[in-house]
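These are the structures, in structure tokens.
There are two complexes below, and they share chain A, which is joined by chain B in the first and by chain C in the second.
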Partner chain A sequence: MVEAVLPAGWLDNSYRSVCPVWLDRCVTLCVWGVAAAVTAVFVCIVGDLVWHGIGQVSWSFIVDLPRDAGRAGGIGPMIVSTGLILTVCLAVSVPVGLGTAVLLAEFSSDHRLFGVLVRRSLDVLAGVPSIVFGLFGSAFFCVYLRMGYSILAGGLTLACMVLPILIRSVEAGIRSVPEEYRLGAAALGLTRGRAVWHLLLPAASPGVIVGLVLGIGRAIAETAALIFTSGYVTRMPESLLDSGRSLSIHIYDLSMNVAGGDANAYATALVLMVCLLVINWVASVVADGCLCRRLIRV
Partner chain B sequence: MLIWGLRACAAVAGSVVLLIVLFLVTESLPVLGHMGWSRFLTDASWHPAGDAAEGTFNLTPIVVGTLATTAGSVMIVVPLGLISAVFCCYYAPPVLARCYRRLIELLAGIPSVVYGFWGLVVLVPLVRRFEPPGPSLLAGVLILTVMILPTIALTAEAAMMNVPRAYLHGAAALGLSKRATLWGVVIPAAKSGVLTGVILGIGRAIGETMAILMVCGNIVQVPTSVFDPVRTLTANIALEMAYAMGDHRSALFVSGLVLMGLIMVLVIVAETISKRESHG
Partner chain C sequence: MAKQFWCVGWLLVFMAANGGCGGESSEAIGKLVVTGSSTVAPLVAEIAKRFEQHYPHVRIDVQTGGSSRGISDVRRGLADVGMVSRAITSDEADLYGYLIALDGVCVIVHRDNPVRELTDKQIIDIYTGAITNWRAVSGRDTPIVVVNKAEGRSTLEVFLKHFRLASDRIKASVIIGDNQQGIKTVAGNPAAIGYVSIGAAQYEAEHAASIKILPMGGVAGTVENVSSGLFPLVRPLNLITNDEPIELARQFIEFACSDSVRDLVMEQYFVALSR
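Right after this comes the complex of A and B.
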């Protein structure tokens, strides 16, 4: 094991360089310097957003319709569209993702080849660039399934995108459930289906929560996959077949295509970041609460 | 009954990739059919039109743009990411390490369009002060660096955490300094984990669209200096998809297919590396 990982002669090299104390000091300094620089960049980005954005954000900004191509007015329709896109995305990806994760974690020994194939294709899916999802979504959902530029098409495209994230963390969660739980369920005469539903999923709730949070984060942050699927329209969406502009596309459009839109872009970016934080928090609280309660009832 | 439902779910999840490839291929077939691959490399310039006979379709400068931004950012980010991970694992006091890890995770959660926006209003004017025009390869490289740093730092840290304690104890018993331990023991032992992270990072850099689109200037040319504007494959799709028709649209799907191919190669390489680790 050691020979396989460490190059031959590593020991001698290290010994030879034991002496210079100043080199150690330099390395220490350099490590702390890099950490400080990364922190500074983070503070710079977040500070800049908060500093320029906080002045514009108010209740009326959040609920109003945009005016003058977004330079004035609010972001009400974008928030509604983003919420609808996210709902569609989760409504499709959560059931499919949970099912797949359960199959891969609990039943894959029965279907070895199938499991390997599914896992391999999910690995690739996780790496597919978002713009390629956009191309696929516009060709498949918008044109082939005739949904046009719509919230439905955008949500479905995002569902494809968050599937691998969701599946990976739920699967890891289920695998980390101790073997005794399964044995105990079998001893009690629970069928495998009931064992999964009442025992394994609740016990795997940390994994489920992490998956949800990561998936929601990815979906809300997404821009490139939505431009050609859910569209640009700033109207308040009336149905899932309407086109709707998400918050992220609004930021892009304001900063690139609308001169003088920077102030509102800052405010929208701030709202988007706060949304991300809040949704993460709510998702974890809710999922935690209901899954734990089910576990106790059993 | 249950098992069939689960199998159906898995079949849906597994077939998404196939569907994506299928649609990319069918959409790009028209232009590949009557034009072939060679014109994407030999045409005079990138001036696409709906009809292959009228337009010119040279993707080379755009591919060079993608490679330049990716290579530049990966070269900067690998040392930074490694040092960040080392900081978390071996230098920072536990409280600070936890804060720093949280900070890196937050950095990973910032949407790419927000990075792009920040780059546009802060970074681009900064670059412009050194050397106009501002939107440039350099700005793209810098913004990508910040964006992939979390990927590489977090995976490298996980790999370093997995280094067996016994190695560290051995190094301590030999009286190695912290630096010598890191250089001689930790980094070689964590090598394959780090490498997997780097490959993930490369994949992310190649596929990044919004931030690059917003800070790189999007002029189709082979850059001669880091201050030249460039256009990447992803930005090209995002910019032209809205109005592309016919063969032009097909050509964009071809570039999507190229991106997809690159990602598949990277995933296979990453898998090979991690498999070799688990066997070694």
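Right after this comes the complex of A and C.
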């Protein structure tokens, strides 16, 4: 629509005069260079982990109990604890997060005090250092609610930490759904609730997936918030009220606190990274599958 | 999908409920929470593992977070036993302390650093900023990178006490937390000087980390010299309780102080007590 107002050939002439070919090439080169640099950082980290860690990783390393403060033996209990902590975290944060995001995007206007207040507090929470969440979780869940050092307390603390990221990305996803969808739903006589459930959430699945991936990434990499909540115990957890050491805390302890623990720290980091990739893949497949399938069914 | 979600939800509720019951019944047969020093935690975790093997119905949860946390948790009743990696001070005289092992603190430099020995005076001058170049202590002509421990760390307190320094007089270039971080910082910087736990330093120096342990007052920094009492910078590793320990806590502390964990103490590169 803008082109119609401008004289024909505008793009060719003025663009060329402002931006000579060499500058164009330079910019292209810079963009590629930056992209390559970012990829190189990732490849370096992964390469370093694989190089130092792959030698120690074996089936027995994955299922065994740790021995000699983690220098020998495996990481079986840590993998189980990490899985349980993440399950608790997601079981709480996903329903609450989706609900709040829907409320913010669909049921509260941009200028209402309530919406502004919730959004501001979420933005502040997203920037709070994780150790603050750890101390809060320790004081509230462990001491006040008497959960003690437990996987439950750790998962709930992580849920508090992940919620802002999750809510904000799901909200952005829902807002990016074209207005026509809502109008169409209204024209068909769908209630707002049904429109959200059957149409908007499925259509916003990219935002949901981004939120999940970022949230899971932050949760699984967390040490500071977990060391005072889910704790340091390397026993195989028997219930959610047992203390259990997460993989990230195990890596931290081995590399910072145990002389000669570096080899197994590398191997654990490698396992953690593979877990993260697999969980992210599963989360996006599940979210995409169960949201998009519903969209088609409607 | 919704059905599956509910299944997961119920499973969680069930597990939590199950855990609740488990927690109560395990109290009857004994559960002990131990928190405190991150240096002592790996050792006590290994001791606890062995104790659990002897008494299969006992659960000992070892948590970490630092000596100060150990003391405050024990005082507030959040933990049954605390771990403290320094001497008990006069403020803490109300607590019951039990010595389980010793640990030396030694000064380390990079392996390529030509400096062979530093006097106490030189170390004090380096840490207070009076000497800022290695040339002044017959080293290379490079500025000294002073690696200090974070406030509240027991190693810092032991170091300050030995050299009669006040914390605010120290001019540090790098502040670090745990032991291994200190070793890695010094190993990665030829101009750095730091102080860490002897056992860990000795292990790393023998296993290809680029660090060198400096002798202190002419005494080489080795686990043997700490054990024989020759080495001057020594700190005790203590277990503490708020009240006189009874039943399980008493049993565990007696076990941790006994000869049956001597090998574990040495495996974690600490100094076992000579009894």
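Brief remarks follow.
We take it that the second predicted complex is superposed on the first by the 252 of 298 C-alpha atoms of A that agree within 3 Å, B and C clash if a C-alpha of one lies under 4 Å from a C-alpha of the other, contacts with A are read in each partner's own complex, and residues count from 1 in each chain.
As a working rule, a residue touches a chain if its C-beta (ideal position, glycine included) is under 8 Å from a C-beta of that chain, and two chains touch if they have at least 3 such contacts.
Small disclaimer: the values here were computed from a predicted structure and weren't measured.
When the two structures are aligned on the shared chain, A:G127 is found in touch with chain B, with no touch to chain C. Once the two complexes are laid over each other on the shared chain, residue contacts for A:S255 go to chain B and to chain C alike.
Applying the stated contact rule after C-alpha superposition, one finds that A:G217 touches chain B and leaves chain C untouched. Which of chain B and chain C touches more residues of chain A is settled by the count: it is B. In the superposed model, A:F136 lies in contact with chain B only, and not with chain C. Residue contacts after overlaying the shared chain place A:I227 against chain B and chain C alike.
By the touch criterion defined above, A:D242 reaches chain C but does not reach chain B.
When the two complexes are superposed on chain A, the residues of chain A that touch both chain B and chain C are 227-228, 255-256.
Contacts from chain A toward chain C in the complex involve residues 68-70, 87-88, 91, 143, 148-150, 152, 227-228, 231-235, 238-243, 253, 255-261, 290.
Put simply, chain B touches chain A in their complex at residues 1-3, 5-20, 23-24, 27, 80, 83-84, 86-87, 91-92, 100, 103-104, 106-107, 109-118, 120-122, 146, 149, 167, 171, 174-185, 188-189, 191, 200, 203, 206-210, 213-214, 234, 237-238, 241-242, 252-253, 256, 259-260, 263-264, 266-267, 271, 280. Residues 1, 8-9, 12, 15-16, 18-20, 22-23, 33, 38-39, 41-43, 45-46, 59, 61-65, 78, 177-181, 183, 199-200, 203-204, 207, 267-269 of chain C are the ones that touch chain A when the two sit in their complex.
Of all the residues in chain A, the ones that touch chain B in their complex are 1-2, 4-7, 10-11, 13-15, 17-18, 23-24, 27-28, 30-32, 34-35, 38-39, 41-42, 44-45, 48-49, 95-100, 102-104, 107, 110-111, 114-115, 117-118, 121-125, 127-136, 138-140, 144, 160, 163, 167, 192-193, 196, 217, 220-224, 227-228, 248-249, 251-252, 255-256, 262, 265-266, 269, 272-273, 276.
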